[in-house]
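Chain lettering (A, B, C and D) follows the sequence in which the chains are written, and residue indices restart at 1 in each chain.
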Amino acid sequence: MPKLSPADQAFVADLRAFIAENLDPDLRAVVAAGGHPTKAQLKAWEHGLATRNWLVYTWSAEHGGPGLTPLQQFLFDQTIAEMHAPSNNGLAIKMAGPVIREFGNPEQKAQHLPGILQGTVNWCQGYSEPGAGSDLAAVATRAEADGNDYIVNGQKIWTSYAHWADWMFMLVRTSQEAKRQSGITFLLVDMRTPGITVRPIVASDGHHGFNEVFFDNVRVPQSNRIGEEGKGWTYAKFLLSNERLGVVSLPGIRHALARAEAAVTRPLADGSRLIDDVDFTNRLVDLKVRLRALEGWVKQSLDELLEGGKPGPEVSMVKIRGTELNQDLAEFTMDALAYDALPYDFEQAASVARDIAPTPDFGTTVTAGYLYRRAFTILGGSTEVQKNIVSKAILGL
Amino acid sequence: MPKLSPADQAFVADLRAFIAENLDPDLRAVVAAGGHPTKAQLKAWEHGLATRNWLVYTWSAEHGGPGLTPLQQFLFDQTIAEMHAPSNNGLAIKMAGPVIREFGNPEQKAQHLPGILQGTVNWCQGYSEPGAGSDLAAVATRAEADGNDYIVNGQKIWTSYAHWADWMFMLVRTSQEAKRQSGITFLLVDMRTPGITVRPIVASDGHHGFNEVFFDNVRVPQSNRIGEEGKGWTYAKFLLSNERLGVVSLPGIRHALARAEAAVTRPLADGSRLIDDVDFTNRLVDLKVRLRALEGWVKQSLDELLEGGKPGPEVSMVKIRGTELNQDLAEFTMDALAYDALPYDFEQAASVARDIAPTPDFGTTVTAGYLYRRAFTILGGSTEVQKNIVSKAILGL
Amino acid sequence: MAEPSELQMLRDSARRLAADCAPARWSSAGRTGRSDPARWARMIENGWLHAGLDEKLGGFGFGAAEAALIAQEAGRGLLAEPLLANYVALSLLVEAADTELGGQVAEAVREGRQKLAFAYAEPGARFAWEHPAAHVRREGNAAVLDGRKQVVLGVADADLIVTVARDEAGELVVLLVPAAAPGVEVQGFALVDGTGAGDIRFSGVRLQQEALLARGETARAAIERALDHGATLVCAGAVGAMRAAFEMTLDYVKNRVQFGEPIGRNQALQHRLVDLLRLIRESEILLAEAVAAMDGDRVERGLAVSAAKLHINAAARKVGQEAVQMHGAIGTTDEAAISHYFRALTAMGVLFGDAAHHRARFFALDRQLVAQDTRCPS
Amino acid sequence: MAEPSELQMLRDSARRLAADCAPARWSSAGRTGRSDPARWARMIENGWLHAGLDEKLGGFGFGAAEAALIAQEAGRGLLAEPLLANYVALSLLVEAADTELGGQVAEAVREGRQKLAFAYAEPGARFAWEHPAAHVRREGNAAVLDGRKQVVLGVADADLIVTVARDEAGELVVLLVPAAAPGVEVQGFALVDGTGAGDIRFSGVRLQQEALLARGETARAAIERALDHGATLVCAGAVGAMRAAFEMTLDYVKNRVQFGEPIGRNQALQHRLVDLLRLIRESEILLAEAVAAMDGDRVERGLAVSAAKLHINAAARKVGQEAVQMHGAIGTTDEAAISHYFRALTAMGVLFGDAAHHRARFFALDRQLVAQDTRCPS
């Protein structure tokens, strides 16, 4: 990292002061442990960020954002991570927002962008469908025109935080064509519309983040369609690269590394520390080197994104490595905890609160993290699908 | 290992005494270092073994062998390896011999088996062809009937020790059929027949073991055909499993482990030893555990071989793991040698004889071993082909 | 080697009961760490607690092989009952206690009247056990025990706890502590795989003379053997669970269609499945060697057990992770059976020693062997 | 970041010359360890020995980036010439010697009148260098050097040897030794990758005062930097060689037909090729960071260089092995170009530190950083 300019130093100082003043200690503790904050905690935090216009920290001034430089955006992420504040919710600011801004009509922009800027509206993403997995083009949820509306029938799955969402951006099929990518339409749907049912999916760590969303004759105004009918795949693809980079979550990885470091430096009963055990040392070094490579690669990909508008297929490899590193850090920390990683309270999706032999602070969500991070190499396009993409798009195989 | 019976103890004692008396120290040194013995060294050793009928140590008494029990065969391999005698040449005793015995006619048996029993005739295997790789059924070398003879034209490649061989067993194509495995015929060919040219292939370590063999209107009596015309694939397949287990070479692996152990226990300049460096310790332990699993697996496969006549497709996995372990042991030892592994005399296929900073004894062929062992996961059916076989035959995919 | 028919019968009975109980670990065993008494009764009925015992104690007489076989089927069926806890504690007790006490407890366990637990791990000690912080001091005729043990399998169900401490002379002792004794505090909980366990605090627990089962080198040897026994049974459970997870995954990839064909048509998956099968086969081979070595020489036993646990820990991780990955998103949910195998395999990699622990132990024993080895190649 | 046009020109020239020279390492460079003078002359002509030098010494002024760029192209083209030896020795000499001597030698090297070598490794010492066995003692005005160095790159070609010893006070010293001085014995040989190297014995070599280039902490810092420089250049060469080997392999799998289709249609190979590409991309990223850190703070430099070397050693191994495997049997023969890349990548994993060495060093530096780090998260 080069020396910061005075302006950038001032930016970081300002941000640090803001976080120190506004971050609820409970929320900080949850984030530091890698756990799941509550909706109320997140909304309070987002409300504060919005007062400084930092919620949409990646947006240019032209689009109503703070117009941070790429370096400042990087510093923002880094500072947020260092101080254990939650990362800004990408569903609204990196997905719904940009697609509405790029492809929405003036009315749609006027309706939705203010809520995103101010963090008053929660979004969810309706892409995946049962049985389709990483094959996103296999959209079966139908939308049939009926006057000025569409009637939507079908089912979405793996919908993160649908139970918190006010709006969903979703893919529907408006016609059957030979090429499956055709005939897909991109809609914005108010989650309070009659006919929508949200059913929780409990993950293997016990946490409820995912949902199934059922659409039973749901009436959606055609004015909620983004762009042209049948061109939805184009808009969806625009977001896919963002999503892949989003899954990588460097702040999350840095938190995970902090927990790993804590796990191997805590003194054991006999005063020894795992950091003096070469078995763990070697693994820690390899993880740190992988993080260095990943950070450099993410930075290159973001540069491309800024220069060329969209990242190339290399982002698939970044997604693979980022998600693997995140998994391996959780596994490493779990290994360091040994027996302390085993007691588990499924209903809390966290370690058991133990009185006789308390689990160390940083350890309470390590096992949950190990369990739920298995999804990282599956969602947003599985590792296997990413490799197929690279093989075709870069290697020409 | 259970306690040995008195008979088995006597067998081992007898064998050890024989080796101690008969094994040329130069040959012993080459084998211990994992190098390539000369033809003269090997023939002298085999001649000695034959006087005790131990050359064909896997043959039953009925077939003229010593009729050792499976345990005794195991002890034979183990003792040979421990005392750094060369392994018995499988080409004659595990391939040419059994196929002639199983499928040859009485004249062929009378002609060839005595030479194999006594080790007076060297054999080579003519399977692989240029451009065919692991696809053994892609036999293009033609044999056309002409009176009582076949006229053979074509080319074989990767023919181990063709330049030492008196006879070759080979696959030729006698007719074009829809199914490529049909129309293949199994021939025995005298290597002194006019029209045969052997061209050396120098391996990446500098050693000449492989050859290309060219057939230019080579006249082979039809009486040299094994079994029926067009049924050659059946006889060849009979040998494939043997070959796969053969490549595993537990004695070779045990030698390699002895070198690895020597490399990490030698004292360095400051008196330290790598065995006290957990980096190397951990790798050594993992290699030893892998050897334990491999030995158990080979033993099970041999038991199956003895019970059922031929091992199942599991032998493909044994081949994969055995060859990988052999490679990884060489790599480990090379890593332990560090700078000492680099000076290389290509013409000798061995380390440089250095005066100022001599390479340790066990280290002279370590680098050559690392280089030429790369072929182990390719020859005898590549690892990839073995995995395809297991996937189909065991997993049903 | 053919299996004796008694063992075959036991295996069949175990597999039937396990299948009958499944799905057993769904949504965790709750927060008490206690197991289902009805299922335990069926295991008693089926004679499972005879396994591993000497014939004169009412056992079948096949030693470690029996218990390993049942543990393997329990792993395959994801049974959450404290079988391992009872096998290990009982065999340690029988080895260390006098014949009468051993016989009494064995009978009570076999008949389902009592349950046992074996408590060795201490807070912050990971897998170290030779220098426990728990200690006993003499007070008149009684011995008074203080200390803590953590993540003790089956302790919330247990009537008797076999545990480890040091005495005033610093010697290791093996103790038999009634769970109901004053000063014994147990916090029960479920582990990540849904099995029951708990932490224990001993606060001035007064024990009579007969509670001292072994002391000094005898205690050390008995504990080491018990830990090897435990590790072997965890290996057996892992082998059963890996086989089941593998079969389930194989079945899934044959039936799950994506991009127009079963995902099992993807060669990249095929090759990875072959790697998993290979890991499982090696696990089976090393497990069999560990079981066979259980009654042998200490060094050979330790090498075989640590080799098996070392390999099987890694295999269990890999098989669990890959099985989930190949199932895709559904594999990460609680409603998918595979996620329960994944959680079970996660726990098995830790219980009775992680890879680092067994690697270090294997190495130490291997060096002893190398040092002893007088057979010089010619 | 756009490359300055001078660097682009250098890269183009380097790639052309390398292509022109190839195949360069076929069947090993022979047994003398000496390189081809005609090819060296062409490198001099192309200005390659200006690379990495300060402008006032006749260099282009782009520092480590220039030499790394040429090393990368030399790796891509498998050039066997002692570029690395001269870059490292010259920059160490320029840093440690007085301006006049530095300038003279730099000019002689640039013009092809002299060649250098840097000798640090000692028999049996692996990668340790802070406590050399080689030593100097005073005799009147002269210093007398005794000791051995091994596997010194380019030494059979060298006129001047920059080496490391300790003095009578036990302090590290950097010395400049004429290869022709009485008492200097060199055994030249080829390495496994066909490049030239050699062992040296110094027996009572008498050196004048100006031969002592640096001493004590100054020497230590200069040597450490030289070793980082060497490691970085090896990384650069490996990146070039990996890229070439990868492209060659990709080309091969697209054209090689087996079982009726190009082997590149096999998804298992495709996924492995993606893994290789990933390793290479990470190598490129870490290399760039190491190059950028060459003129920075010691700890940051060490971390960046050791991270790069650690990763690239493993990547070089993997890429080399997989490239051979995917080529099949032909890849194991001397006549196949890929086998030469394989041998080059084998050597690169050892030169200037193996993975174990750099892992330990990274860890030590990382702990320094953690200890220094006063930035506490809030």
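Here, contacts are C-beta pairs under 8 Å (C-beta built on N, C-alpha and C of every residue); 3 or more make two chains touch, one makes a residue touch a chain.
Everything numeric in this text was worked out from a predicted model, so none of it was measured.
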Pair joined by more contacting C-beta pairs (B-D or B-C): B-D
Label of the chain whose CA centroid is most distant from the centroid of chain A: B
Between chain D and chain C, distance of the C-alpha-averaged centres to the nearest whole Å: 52
Geometric centre distance via CA averages, chain D-chain B, whole Å: 39
CA centroid of chain A to CA centroid of chain B, Å: 54
Centre-to-centre distance between chain C and chain B (centres being mean Cα positions), rounded to whole Å: 42
Interface hub residues of chain D, defined as touching at least two other chains: 266-268, 270-271, 359
Contacts with 2+ other chains: residues of chain A: 277, 279, 282, 384, 387
Residue ranges of chain A in contact with chain B within the complex: 277-279, 282
Complex interface listing, chain D residues touching chain B: 27-28, 31, 121-128, 131, 133, 148, 150-151, 185, 187, 189-192, 194, 197, 199-201, 257-259, 266, 268-269, 317, 321, 324-325, 328-329, 331-336, 339-340, 342-343, 346-347, 350-351, 354-356, 359-360
Interfacial residue positions of chain A with respect to chain C in the complex: 128, 131-135, 157-158, 201-204, 206, 210, 267-270, 277, 279-280, 331, 334-335, 338-347, 352, 354-357, 367, 370-372, 374-375, 377-379, 382-384, 387
For the chain D and chain C complex, residues of the former touching the latter: 266-268, 270-271
Touch list for chain C against partner chain B, complex: 250, 253-254, 264-265, 267, 270-271, 273-274, 277-278, 281-282, 285-286, 288-289, 304, 307, 310-311, 359, 362-363, 366, 370, 375, 377-378
